[in-house]
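Here the structure is laid out as structure tokens; the discussion comes afterwards.
Going by the order they are written in, the chains are A, B, C, D and E; count residues from 1 in each one.
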Amino acid sequence: MTQIKETVDIPSFLQKKTGVDVYQCYQCGKCTAGCVLAEDMDYPPSYILRFLQTGLETDYKKVLSSNTIWMCLNCENCIGRCPKEVDIPVLMDFLRQESREKKLVSPKARQIIAFHQSFLDSVKHTGRLYEAGLVADYKLRTKRHLWQDMKLVPKMLKRGKLSFLPEVVKDRKKISDIFNHTIDKKLK
Amino acid sequence: MKDMENKDNNFEPRIVAFVCNWCTYAGADLAGTSRIKYAPNVRIVRFPCTGRIDFMLLLKAFGSGADGIIVSGCHPNDCHYTSGNFHARRRWIVFRNLLDFLGIDVNRITFSWVSAAEGAKWADIVNETVDKIRKLGPYTEYRRAKDYTEEAKQYE
Amino acid sequence: MEIGFYPGCSLKGTSREYNESVLALAKAFGIEIKEIEDWNCCGATAAHSMDRKLSLALPARVLALAEKQGFHEIVVPCASCYNRLAVTQYKLSEDAGLKKDITDSIKMPCSGKVKILNVIQFLDSYIKDKIQKRTVHPFKYDVACYYGCLLVRPHQILQFDRTEDPQSMDELMRMVGANAIEWGYKTECCGAGLSVSRTDLVAKLSGNIVKDAEDRGAKAIIVACPMCHSNLDMRRPQIDEYLREKTTIPVLYITQAIGLAIGLSPEELGLKRHFVETSSIY
Amino acid sequence: MSNLEETARSLFKEEKVNLIIGFEEGSRHPRPFFCTSTDDIPKLILDKRCHNNTAVYLTKKDLLGTGLVGIVATLRVLKSALQLSLENQINEGQFIFIAGEDASDVQVLKDKASIQSYVDAHPEIPDSKVEERLHHIESMSREDRWAFWKNELSKCIRCYACRAACPLCYCERCVAEVNCPQWIDPWAAPLSNMEWQVNRAMHMAGRCTGCGACYEACPLDLPINLLTKELSSEISEDFGKGISGNVLSSFNPADKENFFK
Amino acid sequence: MSRIGVFICHCGENIGATVDCSRVAEEARKIEGVEFATDYKYMCSEPGQNLIKNAIREHRLDGVVVGSCSPRMHELTFRRACSEAGLNPYMCEIANLREHCSWVHEKNEATTRKAIELVTGLVEKVKRNSPLTPIKVPVIKKALVIGGGIAGIQAALDIANCGQKVILVEKSPSIGGHMSQLSETFPTLDCSQCILTPRMVEVAQNPNITLYTYAELEKLEGSIGNFKAVIRLKAKSVNYDKCTGCGLCTTKCPSKKIPSEFNEKLGNRTAIYIPFPQAVPNKPVIDREHCLYYQKGVCKNCSRVCPTGAIEYDKPDEFITEDVGAIVVTTGFDVLKTDFFPEYGYGKYKDVINGLQFERLASASGPTLGEIRRPSDGKVPENIVFIACCGSRDPAKGIPYCSKICCMYTAKHAMLYKHKVPGGTASVFYMDIRAAGKNYEEFVRRAIEEDHVNYIRGRVARIYEKNGKLIVKGTDTLLSARPVEIEADMVVLATAGVAGKGAEELAQKMHISYDPYHFFSEAHPKLRPVETNTAGIFLAGACQAPKDIPETVATASGAAAKVVALLSQKELVREPVIAVVNRCAPPIFSTCVGCFLCQSACPYQAIEKEEIKDRRTGKVIKTVAKINPGLCQGCGTCVSFCRSKSIDLQGYTNEEMYSEVMALLNH
């Protein structure tokens, strides 16, 4: 049973933060219809929009703790076709941050985040992505089907697709500065 | 009504209302037929449309003893002449800027949209305006500027 | 005049062949392209999934470098990098406050004047007009041109081709003698960034793409994005597992296809590096 | 690119103009000069000091005679001319404009389009002094503003020099002369003076080109140009930049205001 | 020195109980120029009116102020009384002492003072009022109807049947419009042509109607009662007086592969053609773009076979001028073509068609003789999908408004399909079902309940073709937005209804206003739905906004009634409350300086230019504004805009209003 609106006006909060007006959505479902991962999401995109429209804290929590926001590939199919031009990808980006800051990340999404973190760490330290390192690092973070991708490694090496040594940016200080200035600032 | 000018203690504001025939005048009629009581300080002047209201009439009214003015017509898009009130709105936006820049007290002019169905709103508009003007007092400041002798008076 | 070159991380690693084929083509057509010095990763999906500012700062640095090194134009073969760079440039031009914020964090000015070319735009503006003359081994196959998401969307920012049923790749492929087929998955996502973390989903999404192409008798899938490539090529075992059938259709970068057509060798185009056997088309 | 003198000559010769309105040296400043024959051409000058808005003569039919007329046109003259043609007061083919800011470099403009593009190509530098005064007055309290203007305008002697100097005050019967009803008391008094200025400003709303001729003409140096200037800036603020010409006789359903109840 | 009479009405207790009426009269008597003042219980009663009349005669009053109820109540009554007593009615003003005074204030001094002031104000106004005579405009007893669809047909017939002459102009070779293309009509499913064609024939036979097909409005001048319309008669290349409509020419025309407009390009026609069998007039025209003779100078088959020698190859367009008193615009609407929709294949899939095309497929007179066969291979679709809101309610790519008729015709289409292909399955993707209308909801329910049409709530993301099937990717938002994929044989898009081509241009020709989507705007959305802002020009049908047939016919009859009312008068009598531009002695002639900025201030395009010429030489002295009394509605916006105060509004002149205000305050 939904209770009356809480004081926090979630729609206007979102509009302020992202410039996206969720009230624009009239629930035609076109985004969902075109979303390649709709079936695999906890809630398909149009559903997420509805949750956000109710303005209820409880629904907002549902959204932030759903795997949807992490599944979203930002393939932009939805916004490309939305008759009301509701920018779901931008919304998703913001919801992901919210979900991490509010510590509501869906357990189902842990591996995805783990991957993103491994990725960014690699970039943070070398300025570029060191794929071999990335995969290894990620596997260790998640301890999941270690072997699935490990099987790839030799093949990749054989085809010269993996280098043993990471490519490195000269001005590494600059890169870590950028991180401190942005993502790490928040997390500290 | 002239006598009220100076003894501000029981000051009765003099309000002139410039209204359009189709919405606000009819709205005021409705206030009447529904017997909604409001302050008797207002005198309604009937125009075909807010588009017809000359800005000079407002200045002249102030100059000749009005302490407050109401300008009211059809809501946007409801104009009997489709766009008279849009033209009026523009005119008032510009005019109000000018008056304010000159230091003429724009708070003494109430602009409003009152439809033929808004008898109650009309009564409120009048009452609010009367109260507001009662607080502001008579607009002698403006009338004193009428001629130099009046000018001199304030220094006596 | 020299064109700046931003390979991006994948072209240095998993999709080396893309790098090779781009450079090979440039060489063959005598176009000078020079790698942007000390470039960094654009942050890809990871960055903007995790932090908006970071996702703008990283590409911003690349753009700033390009400017500093005096490039007016840069070619960005990786669709993902291209998308990130273009979007960043747009966002900064839209919002002065944001621009200041970002340039502060990278400690470099970034006027946003550099022209960013994706591989198709690069081919269109430097090679297209010569292509037919140079074609020696017409690429006489039915091909399915796969654009993916990042090349054409978001349209209001990239302003490249049309979002639904794009044509630019098809057109190029026709010029080298191929028959670009009508098919259903031109712009459906392959799973992109979830390649490692949710291989199961990638198998499914890429699976549908591979299947549709094969069902329609395409002899090759033509791509312009390393992520699409690695998902359609490297992930083929998982794909076959998902489809419960053995698919054999090779996945070529458009640069490789054109390369073959103008007579470059499979080796210099890195065709040997693929996981799915490519010999069927040369 | 050519100089004033030879342009003037060719106008007399090629174009058969029988009058060129320009400037000549005056006792203190350059002053308007009606050049009617080639012999007078040497008297013609043009430089930064020529700031009378001679567009005011464009609507004075009795001065112009019937034939083709040339006019040495500074930016302000051209702007006024554009507004005048918008208001059907002058027509193409009636005047030839010798546009420029200095005698050494002038160009001939004949049609509205070329004048427009010339004006667009020469954006005006906002007069910082005027801006300052505006902000100063805006920052005053309402009462102080009233006191300020009442004091300023109480000096007005109603000579109507402001009206005479303004190219856009071309009415054959000015509202100030209308006597039934007597909108504006004809005698000079703070209030009637103010009423006159209010009318002037309102009538200029959206039309004023900001040349400041009214101010320059005022024998008492009353800052009446600020009134029109203020309105112009408010107008572009409220109704969007670029909007001009007939602001008060047009509208936009989306016009924004915050004071209607 | 004026002689005003003041009459204060008690209105029984209504005014009398609150306002001291006798004192008001008494005070009024003191006002300079007031000759006579009195109060009375009921002024509007017979004796009350007589009191006024007698006073006017006895005291030779030249102005009257009645203090009574609102002028909106009895102004007319009292003004009539005055004129009966020989006083110009516009010399009578009403002070509103009831609605604006006694009913809204308490009984006290202030209230009575207010009453006195209101009266004083109007006394001063009346002193300055001038006698006005109603404006008379002669009316030409003939109407012009533009557009020969069902709206135009209905309007023309209604007007003609009231005995008025009508000119009906249609741009295509036959009247009938979109309705003639329809198969069956909702919600009754009766055959469209069966109900329409008799009307078309009626038009052809009605002696009061002159029909111009293949013709367009070229130019329009004048104003209400006196329009001058120039009409372009496009060259038909066939002499209709000689032509018998035998149709032999059409059978012999070699260019047979021209996509037929009538069949929405699903069928072909010849270059010389009659658009459809029941066409009115049932005679051919030559489409010069496709005729071999005009393109290559060869052939001439038609003239060779024509038994009456009716073919006229080198006849140019003709122009005729018609004087009319009123105009009805019924130019209808268009629908978006399928190539408007990117995600649905940019129109490249033959079997994705729009609603109007489906009508042709379902129509017994259509290219498939009423069998539902898909365009690509003529196969009967077993699985058909209908998509509502294609372009409608789509601000991003289409238009934001609702096209209103799609919900109903989609239900109809699905139903027709199920009736014609009993085994087949029909699905409808929709967002909302808008079935407000007599028997509409029932109709839609029937489609669902009896014909088992599968309604799915959700928009379709995209359509692509795979081995001969159209894959439709949609979603079911009612099942937690579950994705739905349908392999369809044919897809019908309910494409948006938009304004007809050239609507904007036509509106500008006629000076009528139109909305951002180029639909024509009515004078008042609620109270004047079939009138435009330009007096004498009326609207009907889908040129205002998408409309269904019942609504279209209703507006058409409405417009016709308005026209007949107008034409039934010998001359138009209009309130003299209109603006006038002053005229004065030479050399000024008028204080108007002709800046014409007022033109844009006028909502009715009533301000024209007038050249004042020298009597002898005839050369123009000056050009000044002139207000067309036929068009001016008396809002007075131009008056308060005019800088030189050269325009004034009769009945509300500057002087009158000024004096009223001054009097109110200085009393």
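One rule holds for everything that comes next: contacts are C-beta pairs under 8 Å (C-beta built on N, C-alpha and C of every residue); 3 or more make two chains touch, one makes a residue touch a chain.
All figures in this text were calculated on a predicted structure; none of them were measured in a lab.
Graph distance from chain B to chain E, where chains that touch are one step apart, equals 1.
Highest inter-chain contact count (C-beta pairs) belongs to A-C.
Comparing the centres of all chains, each the average of its CA atoms, the largest separation from chain C belongs to B. Centroid to centroid, with C-alpha atoms defining each point, chain D and chain E lie 44 Å apart.
Note: centroid distance chain C to chain D, computed from Cα atoms, is 60 Å.
Put simply, the C-alpha centre of chain B and that of chain D have 34 angstrom between them. For chain B, residues touching at least two other chains, in rising order: 55, 60, 83, 87, 91. In chain C, the residues that reach two or more other chains under the touch definition are 163-164. In chain E, 343, 462, 601, 641, 654, 658 are the positions where the chain touches two or more neighbouring chains simultaneously.
Two chains count as a pair here when they touch; such pairs are A-C, A-E, B-D, B-E, C-E, D-E.
Those residues of chain B lying in contact with chain E across their complex are 1-2, 12, 14, 16, 25-26, 28-29, 31-33, 35-38, 40-41, 43-49, 51-55, 57, 60-61, 64-66, 80-84, 87-88, 91, 123. For chain E in complex with chain D, the touching residues are 588, 591, 593-601, 623, 641, 643-646, 654-655, 658-659. Listed in rising order, the residues of chain C touching chain A in the complex are 9-10, 12-16, 38-41, 43-55, 57-58, 61, 104-107, 149-150, 153-155, 163-164, 187-189, 191-194, 196-199, 201, 205, 234, 272-275. Chain C contributes residues 162-165, 182-184, 212, 215-216 to its touches with chain E in the complex.
Across the complex, chain D is touched by residues 55-56, 59-60, 63, 76-77, 83, 86-87, 89-106, 110-113, 125, 128, 141-143, 145-148, 151 of chain B.
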